[in-house]
Amino acid sequence: MIRIGIIGFGYWGPNLVRNFSLVDGCSIKIVSDLRKDRLDLLKRQYPGVATVNLSDNVINNKNIDAVVVATPVSSHFDLASAALSHGKHVLIEKPMATSVAEAKMLIDLAKKQKKILMVDHTFLYAGAVQKIKSLIDKNELGNINYFDSTRINLGLFQKDVNVLWDLAPHDISIFSYLFNKNPLSVQAIGVSHLKNGIEDVAYLTLRYRSDLIAHFNCSWSSPIKIRMMLIGGDKKMIVYNDMEPTEKVKVYDSGYILKTDEDKRKILVDYRVGDIFIPKVEIREALFEMAKDFIKSINAGSDPISNGALGLKVVKILEMSQKSIKQHGREIPFK
Amino acid sequence: MIRIGIIGFGYWGPNLVRNFSLVDGCSIKIVSDLRKDRLDLLKRQYPGVATVNLSDNVINNKNIDAVVVATPVSSHFDLASAALSHGKHVLIEKPMATSVAEAKMLIDLAKKQKKILMVDHTFLYAGAVQKIKSLIDKNELGNINYFDSTRINLGLFQKDVNVLWDLAPHDISIFSYLFNKNPLSVQAIGVSHLKNGIEDVAYLTLRYRSDLIAHFNCSWSSPIKIRMMLIGGDKKMIVYNDMEPTEKVKVYDSGYILKTDEDKRKILVDYRVGDIFIPKVEIREALFEMAKDFIKSINAGSDPISNGALGLKVVKILEMSQKSIKQHGREIPFK
Amino acid sequence: MIRIGIIGFGYWGPNLVRNFSLVDGCSIKIVSDLRKDRLDLLKRQYPGVATVNLSDNVINNKNIDAVVVATPVSSHFDLASAALSHGKHVLIEKPMATSVAEAKMLIDLAKKQKKILMVDHTFLYAGAVQKIKSLIDKNELGNINYFDSTRINLGLFQKDVNVLWDLAPHDISIFSYLFNKNPLSVQAIGVSHLKNGIEDVAYLTLRYRSDLIAHFNCSWSSPIKIRMMLIGGDKKMIVYNDMEPTEKVKVYDSGYILKTDEDKRKILVDYRVGDIFIPKVEIREALFEMAKDFIKSINAGSDPISNGALGLKVVKILEMSQKSIKQHGREIPFK
Amino acid sequence: MIRIGIIGFGYWGPNLVRNFSLVDGCSIKIVSDLRKDRLDLLKRQYPGVATVNLSDNVINNKNIDAVVVATPVSSHFDLASAALSHGKHVLIEKPMATSVAEAKMLIDLAKKQKKILMVDHTFLYAGAVQKIKSLIDKNELGNINYFDSTRINLGLFQKDVNVLWDLAPHDISIFSYLFNKNPLSVQAIGVSHLKNGIEDVAYLTLRYRSDLIAHFNCSWSSPIKIRMMLIGGDKKMIVYNDMEPTEKVKVYDSGYILKTDEDKRKILVDYRVGDIFIPKVEIREALFEMAKDFIKSINAGSDPISNGALGLKVVKILEMSQKSIKQHGREIPFK
C-alpha cells in the first residue's frame, strides 16, 4: 500500500484527492495547504485524511512513501527536491519546473535516489490521446506533415507566467508523446495586452526534420473556448476536438494525391476525398489513469508514460519560446 | 449603360457573369476564354453574349467601357495595363498583381487615364463583414487587441503561388478594411509538403502599434474546412464564423477586467463573463454587391470600397510574407 | 431534343430553368407566368427563351413535348390534365395535387395518353438520400425499427395549405422511397396559432407492420432551422442532417444487444457502442439529377424514380393526415 | 443541523451523497443499500458515514430527521410512506410513484404528518431553467404557443418502465414549472422494438387552452444524444439545448408578423427576422441547489420548488400517457 502525501489543495487538489482515493494499492494519508478554509473543505469530505499547514510535515513524514506537489510552479523545484532527498517518490503538476536547469537537477536527483519522478501531464492518459497514439504507432497516418493546435479561451490572467507556460504544456506534451522526436528549432511570437510583460496571446512554432511543422495557438483572450488539434499525415489526417462530448477523434483521408481533373473538380465542391471514420474512444477520467500509472510505476520500479524526460522536454521548449518571444520570433535552434 | 467585357471564364467566371447580368445599369457584351468548351458552356446559358478566344478582342473593343480580368494572377498586370491603356475601367480578381511594383504601376496608370481600378476582394461586401465594420466604426469593441484568422481546408494545390497568396488575400483585405492602419512589420512561417518550394501550410503575423497583433493560419492540407476570425477588443470581442449558415457573427463581452475573486471563480467555471449577442446580418450575395459598387463607382467617378490602394496593401503584405518565409520567419519592417 | 415549356416562374421557377438549361437532350422553349416582372427577370438571363402570360400558350403549343407545372398546388390538376390531354409529358411540382381523387385521375390520364407523369420530389435525387438508399438496399441497417424526421424553421405561413402539406412531402417521399411499403395507419396532431384553421405546427405518425413507426415533426414556427432524420435499424442506425455542409450522413452501430453489465456501464458513460462512419456522399445538385431523370424517362419510355405512384402515396398520406388532425389525432387506417 | 439518511446507493446515490455533504446545515448520517460492494465504495470515500443493508435501519432511526429515497420507482411508495409515518421529511427520486393513487396518498400523509415531501426533479434547479423561468415570468415571450422537447439517446432499456416513465419526467416537470397550468388532454404513441410491451420510442402530446401544444419526443433507440427544447411565444422564442456547454439558452424574435413582401422575401433567405440573444446562465450544479432547497424547506416549513403537487402532476400525465399508448394515441381528457 503506497502512502501518499499531497502538498497543495487549490484548484487541482480536489481532483487529485478524489482520483487517488479511488486507485487500488494506495492511500492518501496527509494533505498540506497554507489556507485553513481549503483544509476545512477537505476535512468535510475526507475526514480520514490528516491535514497540516506546512509542507515540511508532509516531506519529513516517515509514514509517507510518495509526495504529490500541486502548488504554483515557482515552488515545484524546492518541494520536489526536498521530497526526493527525503526518499519519497514524487509526482509534480505541470509544468515540472521554471527552468531546464531545475528540471535536470530533479531528474538527476531522482536517479540518484532511485525514486520515481513523474509529471502530471494528464492529457497523455485521455482516451482520445491514447487512441491517436495507437493509430500513429500502427502507421495509419503515414508520414506526419504537420501538427496544428488551438487552445484558447477567456482565461484567468496568471500573474507569474505567460499563456504559453500556462496552456501549451498540454499540447507540447501530447505532441511529444505522439511523435517522439526532438525539434530542430523553436520560435514564438506573443503580445501582452495588460502591459505587464506577460503575454496573453502567443503562437509557438516547432520545426522538425522532413518539413514537419508544429504550431500552437494559445490565448487567454478568446471569447470562445477551443481545444482542437489537427494532425496531418500523408495517408490520413486526424481532427481531435476535445470540446466534442463523444466524437472527439475523427480520421480523414489525406487526399494529397489528386490524380485526375475529375478529382480536382470534386474537391472544389466539398473539400473531401473519402469516407470519415470516428473511432470509439475509451471514455475514462484521464487523471485516474495518470494516478494509476504513478502507483504502478512505484510498485514496478518502471518509468511512467509521463516521465521526467518528457517533463524536461516541455520545460525546455517553453524556456526557448520565452527567449524567442523576447526576440520577436527569432528561430532558436534546439540543441 | 456600362458595357462590360470579361476576360477569363474559368472557376470564378460564371459567378461574375451571373451577378453582372443582374446588376442594373450594365450589360455584359463579350467574354473571352482560350478554351472552346468554356465558351460553349457560356453560350448555352447566355446566348446573347458574344464570345471570343483572344483577350485582345475584349481589350481593343470600342463597344466596351469596362473590363473584368478573371485570369490567373500572373497575367493580371499585362491584361489590366492594356485595358487601362485602351481607356477601359478595370476590375481585377484578387490578388491584384504578383508584385508591389506591378500593383503600383496599375494604380498610376488608372490615375493617369482617369479610370476606375478595382480589385475583387469579394468578402468586403459580405453582410457579416459590413456588420462587423459598422460595430467597429461605432467603437463597440473598444481598442482592438488582436485579430486571429483561420482559413484552412483540403485544397487544390496551386502550381504557381503558395497558400498565402491563394487564401490570405481574403483575410488581409478584410482586416485592412476593418482596421485601416499599416502594420509595423510582417513575418511568416511556412512549409511545403510537396517538396516543390510552394508552401501548403503557412502562418502570417502582422504587428501594429499598441500591441495589436494579427495572425493568419492558412492551409491547403486541413481535412476540415474552417473559416473563422476572432477580433478582440478591450470592450467587446467578435467571432465571425463564415461556415455558420445564419449565426455568422457573435459579439461577446471581453471580460478583461475581473475585479473580484468571485468573478475569477466564475470564469473558471464557464469561461464567460456576460451575455452574447448575435446581430441579424444582411444575407446577400457579396459578389453582387461588389459588382454594383464597380458600376456605381464608374458612374459617379468615385472610389470603390475595394480600391487599388487596398489591393496594393494586400500585395505588399504578401510580397513581404514571402520574403519572411524564405528567411524562416524573420520580422520584416513594413515601410 | 425534348422541347420543354414551363408554367410558372415564381420561387422555384429559376431553379428549374437553370437546371433544365444544363441537361443534355432538352431545350427550354417557352415559359409562362402571369406576372410581367417575373418574365422580365427571365428575359434578362435567358434571352433565347420565349415568354408568355397565359399557360394555354404553353399547353397548346405544338412545338413543345413536355410541360413543367410550377404553380401553386391548387392549379396542378387543371394544368397537368390539360397538358396530358394535349399529349405532353408532364412534370409537376410537389405535392402532385390537392386530393387523392385528382392524383389518381392524372395517373390514369397519363397511362391512357402513354405519357410520362412525374412529380418533382427533388430530395430523392440528393446524394445523401441515394447513399442511404444504397445502404438500406444492401441491408446494412437490418430491420428498420423507426424513422424520425424533424423539418422545422421560421417559415412563410401559407394561406391555402397547412404545414404538413407544405413541408412533409419531402420527408414522406424520402421515407416512401427508402422503405417501399404502405403504412397500416396515419395519424396527425396539429394546431393553428394564427386562428385561421391552418396548422403551423403539426406532428404526423405512420405505423407499419413489425412495429415500424415513422414520425414527422413539421413547423413554420421554429426559431431555428432543423432538417434531421434518424433511421433506426436493428443493426445500424443513420443520422441524416441536411444542414451539415459535408457530413450529412452518419452511420452508427445500433447497440440494441447489450450483453454484459460492463456493456451497460459503458453506455451510460458515453451513449455509444461502436465506431461511427461518415460515408462520402456525392455532392451534386439534386434538381439537376431530377431534371435528367425526366428527360431520360421520356426518351426511354420508362418510369422515373419520382413517379406518379409515389406522388399519389404522398398525397394520400397528406389527405389522411388532414382528416386525423381534425379528429384530434385519431388513427386512420390506410387502405 | 438536519440529519439525513439515504436509502439506495446506486447510479444516482453518489451524486446525492456528494452534494448533500456540501450543503450547509445538514449532515449525512447513514446510507443503506442491499449490495455490499456499493457500501464498500461509499465507505472508501466517506468513512464518516454509517452504512447498513436494510432500509428499515434508516427509516426507524431516531437520529435521522430526513430520508432520501433513491431506489427503483416501484419501491418509492412503500419506503416514502414508512419514512413519513416515522416522522421523517422525505425526498424521493423522480418519478415520485408508480400511480396517481400512490402519489396522492403520499401527499396526504405528508400533510397529516406536517413533514416536507419533495421530489427530486433536479432540472428545475438548473441555471438554464431558472433563466427561462425568469424570462417567462417577465412576459418576455408573450403568449406561449408551443413547447417541443426532444430527449433521445442510446439508452439502457429499463425492464419495468417504458421510455416515457424513464425520460419524460424531466421535460414534463420543466414545462409544468415554467407554465403552471393543467393540460386539457394527454395523448401518446409508442412502440416496443424489444417485443416485451415496454415502449423504447414514444411521443407524448399535451394540449392546453388557447391552442398551446406541448410535444415530447423520447427515445432509448437514438444513436445520438439530443436534449433540446423549443419554447415558442408570440413575442420571443427560446431554444434550450442542454448539450451546449455554455450557450444553452438562445432567445429569438418570433417573427409571426411579417407585414411586407420584403419581410417575406427576407425570411425565405435566412429564416431569421431579428437579432439573437444568449443570456449568461448561472453555471451551477442543479443537484446542489435541489439539496439546498430541501434543507431550506425543512428549516422554514415552506414548500420546495419541486414539491409533491408537481410530482403528482408528472405522475398523472405519465399514467394517462400509458393509457393513451395502449389505445393507439387516443386523446384522454385531463380532469
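Letters A, B, C and D mark the chains as written, and numbering starts fresh at 1 in each.
Following the convention adopted for this analysis, a contact is a pair of C-beta atoms (placed from the backbone, for glycine too) under 8 Å apart; a residue touches a chain by one contact, two chains touch by 3 or more.
Model, not experiment: these values are computed from the prediction.
Undergrad: Among all chains, whose Cα centre is located farthest from the one for chain B?
TA: D
Undergrad: Which integer distance in Å separates the CA centroid of chain A from that of chain D?
TA: Each chain's C-alpha centroid was found; their separation is 39 Å.
Undergrad: Whole-Å distance, chain A centre to chain C centre, using C-alpha means?
TA: About 52 Å separates the centre of chain A from that of chain C.
Undergrad: In chain B, what residues contact two or more other chains?
TA: Within chain B, residues 225, 245-246, 250, 271-273 contact more than one other chain.
Undergrad: Linking chains that touch, what shape results: line, ring, star, complete or other?
TA: Topology of the interface graph: complete, with all chain pairs in contact.
Undergrad: Which stretch or stretches of chain B touch chain A in the complex?
TA: 11, 145-146, 148, 150, 152-157, 185, 187, 189, 191-195, 201, 203, 205, 207, 211-213, 215, 217, 219, 221-225, 230, 232, 234, 237-239, 250, 252-256, 258, 264, 267-268, 271-273, 328-331
Undergrad: Which of the residues in chain B come into contact with chain D in the complex?
TA: Residue list for chain B touching chain D: 245-247, 250, 266, 269-280, 283.
Undergrad: Inside the complex, what are the residues of chain B that reach chain C?
TA: The contact residues of chain B facing chain C are 18, 21-22, 44-48, 225, 243, 245-246.
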